[in-house]
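Next up is a structure, given as structure tokens.
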Amino acid sequence: MNKIRIGLFGFGKTGKVIANEFLNDSLFTLAWVVRKGRDDHQKYASRLLGYEFDAGKIFSIEDMDDDFFSERLVDIIVDFSDSTGVYLYQRAAKTGITIISAISKYEQKELDLLKSFAEFTPVLYSPNMTLGINVLMVAAQILQKIVPHADIEIVEEHFKGKTEVSGTAKKIAKALNLNEEEHLNSIRVGGIVGRHEIIFGMPNQTIRLSHESISRAAFGQGSIFAVKFLIGKPPGMYTMETIIAEMFRKNIPVY
Amino acid sequence: MNKIRIGLFGFGKTGKVIANEFLNDSLFTLAWVVRKGRDDHQKYASRLLGYEFDAGKIFSIEDMDDDFFSERLVDIIVDFSDSTGVYLYQRAAKTGITIISAISKYEQKELDLLKSFAEFTPVLYSPNMTLGINVLMVAAQILQKIVPHADIEIVEEHFKGKTEVSGTAKKIAKALNLNEEEHLNSIRVGGIVGRHEIIFGMPNQTIRLSHESISRAAFGQGSIFAVKFLIGKPPGMYTMETIIAEMFRKNIPVY
Amino acid sequence: MNKIRIGLFGFGKTGKVIANEFLNDSLFTLAWVVRKGRDDHQKYASRLLGYEFDAGKIFSIEDMDDDFFSERLVDIIVDFSDSTGVYLYQRAAKTGITIISAISKYEQKELDLLKSFAEFTPVLYSPNMTLGINVLMVAAQILQKIVPHADIEIVEEHFKGKTEVSGTAKKIAKALNLNEEEHLNSIRVGGIVGRHEIIFGMPNQTIRLSHESISRAAFGQGSIFAVKFLIGKPPGMYTMETIIAEMFRKNIPVY
Amino acid sequence: MNKIRIGLFGFGKTGKVIANEFLNDSLFTLAWVVRKGRDDHQKYASRLLGYEFDAGKIFSIEDMDDDFFSERLVDIIVDFSDSTGVYLYQRAAKTGITIISAISKYEQKELDLLKSFAEFTPVLYSPNMTLGINVLMVAAQILQKIVPHADIEIVEEHFKGKTEVSGTAKKIAKALNLNEEEHLNSIRVGGIVGRHEIIFGMPNQTIRLSHESISRAAFGQGSIFAVKFLIGKPPGMYTMETIIAEMFRKNIPVY
């Protein structure tokens, strides 16, 4: 089988970790990387990350002329850049290249543009690509339906420098229809990369669903999971939750 | 609506807690209790448990003549006695009274007898009726399918006096096809009623599903949940896992 | 050795559990119980709690005439009643009977009165007698000195019905000089008796000290621990923290 | 004040992290690094680790002639190499240079040699320099004395690749006089750098002391802590436990 060709937007702290995950997995070829500015221009991401082969040539946004995509064909574009990335690959999306966007926050305009691509190609958008987090979210939504009278609290723990409340925790609160002010608890101390816990309290028992990350590489593994899922899928809008929810459905145990 | 009439077999430590849960819930009438021996014979379970009304008259096994069930009609028989209870209510089962058995261990013969009732009436059998434990089991089986490469470990923590390995933990191990010797860890210390945790480890993240009980009343609440589920169901063999699995299926979120 | 004679004030939900702990321990004789009102008047606490012997005769406050203490000599008075209890045993305290008070909240006037007894006899006052909680408090204060730059957060989890913030958690926050608004997190869900956790976060590691109760009996065991400690001690004011701190000092390991 | 000059033995995965911690702290100058082999020979550790200044020139063992230490004076030698490192700096130790060794396992002969340096200079030896782990160990030993009847269990969780039982957990078990076979539980799954938990179970309550690392940098921070402690100390043998135990003693709260 031919390898799946990946084009990556974004080469910041997270982008580098993502590139590394794709370089590490023999199912993929990292075809190129597009980043802002001219740092490491025309170098290979693979070399910068310590590999002994050439892959993931780094381009600047200014390099993106009309022929960029046709001369550098990929199967999938993965976007870990920022909300403006969506403008750069609209042409590619319309030719049917699968899009995966992990941008944490879009304005409505950019989000609408991203969604418009779904007419032509599979588009997956998830601000948090981590597999475990999305499993937590789907499982929690099911649990809430099974034990509707349970009290539910969310605890999120992150390193001291993270000043705002975890976007993922807010998303979980919203999915469970919980008031953030009352039911979302944020712990900020050194020594924690990221941890989310959802506590279901019933009169004589508690269920806890918890997820802990120790590296951004978890985002990369989530992306790889998404890529594999999207292979052969029809055009349309996907999210990690829809993928996980579908996997839940398919894997309900039969006794 | 008429109240659901419950007949209870067993009035030991757990049986009392179960009786109390049914007495506490206005959906039910505790019609009678059958126990071994003649302790508290002909007294009312309700009075013994501190209620100011008469319910749950206590009968001995010897009281069970041919007319016992026809003179004391119930909708559901709940069995928290022992493996021989099944012989006492076979006649009732064959007339279509729903059976819920929470006996922790049957010999094959008694289990076969119990199963034979499923031709005539809904029969639910689960050695651990706790809702949360069964949720954990179903969720863990789904997760294992979603992340097949995850390492899985089970930790069960119980009070010092529990000498054997938790039967529930063994059941979880079996459902996940894990070698007990290698992947099941038992902690025995004072001050813990019962706690089960299933850890899924992936390269950069962990998911933990945990359940903690603080009282046997959790069994009663599970029984009530099961009773409500069985209302109007066709004859057949049910388990808490099948109920929970069906509830998972019905409640997969749609985005 | 003669048994230690205990007089108990208070026979509410907690008082009963305390009585039970003293009845259970062969080191002690529960001489009497004083309670408000006339419920179970002149009955034996032992009988009410299921023992087959007579101990802990129950008196009402109105029974306490001038000769009450001289006719019913005890070594130690344990007070689990309310803030007014202190007036009832001042005479006894001044004759040298050791006082243990576990009242959760005193007004200044009553607290001053209690403290005045310390001139004549050992007086121990702790709103939370639980051994583990006091160990946590002392250990946390030491840790804070060892790792002064650590971020510290307190999490307390209790059953849904507990509306106010845990007094113990507030006390820990005060001892650690932490702003309650910012660093004290309260989780309220069913199925949890009581849990306190203190998290110390450093750049690459975290230390967690946690304590979980499953029963009020933990208060009784703390009281027994305190009684044993106070035997032979000089008059003065004691708290569980001072006892635990002294035990820390005596038990520093030598390598 | 003059900076403290550090000489580092070892520049493997952990050694690099240690070098980085000393480079990061303005209290120190990383004078040089000695490593096996000729990789990065004569380069600066600082440059290899991304700093824009020269520090920590890298020498090979073969460079260590008779004048090595006199020409490259340091205040403290920190050894993260292997058990043979001790032979290389015996001359330096005898001239009074403080030694910190974090070698995980010595044969008796090398350990005796290390100890012999304590006649001339402060020598600190700890196979696990992490501050939190040593705090856990000391606190656990004190707790065991305070609650001698508590059941104690140790749980250690590490990444799948760690095949043997955690040496630190074994050391804790030994300090608490616990049978490893019975009371030490090892969990091995992906996604965990390192976690140790000590559970104290009493009839109605549990205390848990837990420590979690997310990076080897915790070793470096422990080394820095040790260096600061050793300043001005007399010759003698020290361990992290003795340091922490002394800090416990000094910081017992006074009420």
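For reference, chains read A, B, C and D in written order, and residue numbers begin at 1 within each chain.
One rule holds for everything that comes next: a contact is a pair of C-beta atoms (placed from the backbone, for glycine too) under 8 Å apart; a residue touches a chain by one contact, two chains touch by 3 or more.
These numbers were taken from a predicted model, which means no experiment stands behind them.
Visitor: Is the C-beta contact count larger for A-B or for A-D?
Guide: By number of C-beta pairs in contact, A-B is the larger.
Visitor: At the interface of chain B with chain C, does the proportion of residue numbers present on both copies reach over half, so same, or stay under half, so different?
Guide: Counting shared over all numbers used gives more than one half: same.
Visitor: How big is the gap, in whole Å, between where the Cα atoms of chain A centre and where those of chain D centre?
Guide: That gives a centre separation of 38 Å.
Visitor: Touching at least two other chains at once: which residues of chain C meet that condition?
Guide: 191-192, 200, 202-206, 212-214
Visitor: For chain D, which residues count as touching chain C in their complex?
Guide: On the chain D side, the touching residues are 130-132, 135-136, 138-139, 141-143, 145-147, 175, 200, 202-218, 221, 239, 241-242, 244-245, 247-255.
Visitor: Can you name the residues of chain D that touch chain B in the complex?
Guide: Chain D reaches chain B through residues 150-153, 155, 157, 159-160, 185, 187-192, 199-206.
Visitor: Using the touch rule from the top, collect the residues of chain D that touch chain A in their complex.
Guide: 191-193, 212-214
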